[in-house]
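Next up: some structures, all given as structure tokens.
Each of the two complexes below includes subunit A, the first together with subunit B, the second together with subunit C.
Entry: the complex of A and B
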């Protein structure tokens, strides 16, 4: 038995080794180094630094108003994104799944923004927010409400970020839902039709339970993405106006790489972000795994 | 198993081969300088000047100098830190004299240049800018005389002069408004632009009514609340500007200001090129920003943005120092600075300055000029963000004072 296990272990290790080595080199080791530096007051320049223990963590949690605001903002953003992105993507998937003609076209069109990088998308949209919408508002009287300071007002800037994130993110989520919808066996749907279930009931009792695995995946992806959001905010508002749209990742970046150069402190913040995301992911997986149906 | 071992050994050999490829030992007759300059837009000028130095050095000392010139487009500060951290042997590097030099000195990356011949050529009002801990640490390249820029055409047309007190400024504003112009251009989308109000306000007060402000802050017993009229000028500027400043970034700001609709702009003459690109006949001057009714507070800020330092750990220090001195060479320096469009800052510089520099110099010559106050960079960055929030009324004056005090305290750690 033991011999047999050994026989399997070595080829297994050999096969996973390229990925494993890469993972250890570029993920695990830097992670450990990050944790080490989070215990120091290194500024990224001085050859010497002091070990300060958990002081950075204490400061981040107890004394850093900006960091707490970022956490709050990121949570708000994550909740809004998870709800909106999944609802809209699922509705679109249902729509695309239903129509007969132009399915491919619609699917491609909706997926397209996902292929553009976040930064390019942000530039396109900042042009739309700053130039296109005000121009439309000026020429069409009925649309004059579009003339807003989309990126220059703290509340509107949040929604501008949400709009652009949805624009880039929905296509990807929709494709996952679409695949799940197409995997539902036709017989079950027909059966329910014969039994007299209407569209709404069929959605609640057949479709939804059948696509729970896809929901798990999509919730996981959107939430994880929302917590790690960086490039879009960086390019669209750079955390402004003021500090009103500083997501966690941006706050960490600015702490480490602009002006302050408090690498040690920024690393401590990064570790906190890691544990927050880890905790949420574990809870979410546990809750949703229970609801999945295996055929 | 044997095969696996073979694969491992081959990989190991391959990597050791790669690492051993890094250049052989250099002879004494040949030196490669690693130069890091944060101004890619001047690559042509720098390369030409370095080549001329190499030629001269070979003739004089018989040593052939080659360069590894790095001019990063973005994130230069971060790159330079990585170069230092990985000990890549940078010989000469550029940095911001006000923002970065003190920190690089503290970390031991800025050689003491006080005894170098170039020091005697520098103008006396420039020396303190590149001095840290009582020693000259760099050769200055780009120097700035700044405050606000004003549209000369509007000022001539209305027959007004740049104000030196807040009361005069209010009178000017009334006249400008009556003539249908907007008194101030506010371009607050990029945080560094509202940030400019901080060095101007602190600098003006520091050199008139509150000479101990920075000292107190650095000792941890001061507060921005000490500057009684800190918000006076900011409120006046904000109240007399255009709408939606947070939609206007630096580039759009150039377009707007050169359009001739605005009389003044809290901005430095480093934007000159940007204004002139919009309208080559655009005429503007540089004037100080008054802070209250004491004309002493209205002064020109004198700063050095880019300077060159020598790394004390350089292996080719002799050549590096020769190059640093050549920057202010008796014969060649003048043409070099002129080609870069930098201001003259040493006795060897004999070229015509730009008209806007002259307007600033008239104030400096009257003694109305001060060296850019040493405000820690984190405080400057913080101010950019909180001044945006102040404009939007997301933050109160008390919040701003708290935030700036906190940033200053945290920079002392």
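Entry: the complex of A and C
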């Protein structure tokens, strides 16, 4: 037993410890601290605090209108993003896959925005929303509808955030779909053509089942990305106008670092975010695994 | 002549769908690249000219915007900071994660499986859930506000997914290689660094690319960790610059272009690797 331990466990620990130490100090302990403080009324400065149980959670879910609003907003954003980003990216991948010349060029152009950080993308687009679109609207009569308060109206601000997210995100998902499409064996496609399947039927019965793994991955990535969105909203609207576009992550950030020193309460919100993401991921894994086996 | 027109028309008819596809894709490309184009275009104009018209070409190429942006962002310093933080973090992640992933994959004990499970399940923790406590933890560890401390934080946060990737990849390397190395008198570390690590090259590249893109473009963690402008990263510095000049577009756009240039150059040079890295990372994930 002891010899076995010396032979196997010690090398294991030696190899794992660099990663493990950093991981424990940076992820695990902060997670535990967050759990603990979410049950207190600590203000972040005072050495004294009381343990208040689940009061913070009850307040956040039942009484805090702003927080409920940001949960609702984040869900709305996530649903719209998952649907639009995946539909458009898959459509583009199918089209790019059909053409022969210029494939690489198109891929380069469509993926380029993804390399630029969300923050910088948001700056570029705030210039477009605040300066370029109004100018175009003034000079071209047919496009006068472009002169809107893109970032100042809460409904439009939502769609502005969606537009910028799509601009950066589509290239990424498209690349994954494109790789999946290129992995479909040519013989299968040829055979289905001989059998007389039209384009639509071929897509439903051949292409779609073949790329289910890629769809699983992309749904997962877009959903997770949407729930963790911070940078873009911070730089584009900073939660405004009012508090109408505060996504969950931004709400937690502002609660903890810039408002009223309710440290315990901010941690409770952080824990709620954790459980929301956990719940959605588990549901998604379950549903998609089932689907994959069926196909 | 008439016949030629006829064949041309026939050709168009035959390739109708293809032509429509090209037109549509060109429109999408326009949507994708127009924001970048308009940014570069206006970054060369003085503010007054931008307010007059955003679409017109600049009358003279004014490099003043760039000069001011470079100076005020302290570009060379923040560029160096970002490069330093990114390199150190990525090296740390690649080394720590490959060592851990390799041993966790080879060792079949319960402890090993448990540790692997802990790493993998931690991928579910959103960064925003731990960020508040992480700031306190960093202050406690005295790694707050330092370009040396930040890479350590990146290793702690970023190591879980690469461990998962390495764990999967190591399974495809035959164990016989290690046995042979052992017979030849290599100890555990020599076996890993001399025999195994070079074989991990494809996955090393994938991991490095994914981490470089993430860390180089990261904003929230530097915002939380670096309070001294001496230590700012490129993105953080641009955000502060924007905060100062709010709608003075001429300066902001120049700063944006400067920040984009390194990324675009890297993208152009390593496009193939980047695309491959993302697809393997995604499929494995």
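In this section, the second predicted complex is superposed on the first by the 270 of 295 C-alpha atoms of A that agree within 3 Å, B and C clash if a C-alpha of one lies under 4 Å from a C-alpha of the other, contacts with A are read in each partner's own complex, and residues count from 1 in each chain.
Following the convention adopted for this analysis, a residue touches a chain if its C-beta (ideal position, glycine included) is under 8 Å from a C-beta of that chain, and two chains touch if they have at least 3 such contacts.
Quick caveat, the model's predicted, so the values are computed rather than measured.
When the two complexes are superposed, the chain touching more residues of subunit A, out of subunit B and subunit C, is C. Once the two complexes are overlaid on the shared chain, A:151 sits against subunit B while remaining clear of subunit C.
When both complexes are overlaid on chain A, the residue A:130 reaches subunit B and subunit C alike. In the superposition on chain A, contact is made by A:249 with subunit C only, not with subunit B.
By the touch criterion defined above, A:108 lies against subunit C but remains apart from subunit B after alignment on the C-alpha atoms of chain A. Touch criterion not met for A:67: it reaches neither subunit B nor subunit C. When the shared chain is aligned, no partner comes close enough to touch A:77: not subunit B, not subunit C. Looking at subunit A, you'll find residues 14, 130, 257 touch subunit B in one structure and subunit C in the other. Partner subunit A is touched in their complex by these residues of subunit B: 4, 75, 77-78, 81, 84-85, 103-104, 106-109, 188-189, 191, 244-247, 377-378, 380-381, 385-386, 388-389, 392, 394-395, 406, 410-411, 413. Only residues 18, 21-22, 24-25, 28-29, 31-33, 35-36, 38-39, 42, 50, 53-55, 92, 95-97, 99-100, 102-104, 107, 109, 111-112, 115, 119, 122, 124-134, 136-137, 141, 152-153, 155-157, 159-160, 163, 188, 192, 213, 216-220, 224, 235, 238-239, 242, 247, 249, 252-253, 256, 259-260, 263-264, 266-267, 271, 274-275, 278-279, 282-283, 285 of subunit C touch subunit A when the two sit together in their complex.
Residue ranges on subunit A touching subunit C, taken from their complex, read 8-9, 11-12, 14-16, 18-20, 22-23, 25-31, 33-34, 37, 92, 95-96, 98-99, 102, 106-113, 115-121, 123-125, 127-128, 130-132, 135-136, 139, 167, 171-172, 175-176, 179, 213-214, 217-218, 220-221, 227-228, 230-231, 234-235, 248-249, 252-253, 256-257, 263, 266-267, 270-271, 273-274, 277-278, 281.
In the complex of the two chains, the subunit A residues touching subunit B come out as 14, 41, 43-47, 65, 130, 149, 151-154, 238-244, 254, 257-261.
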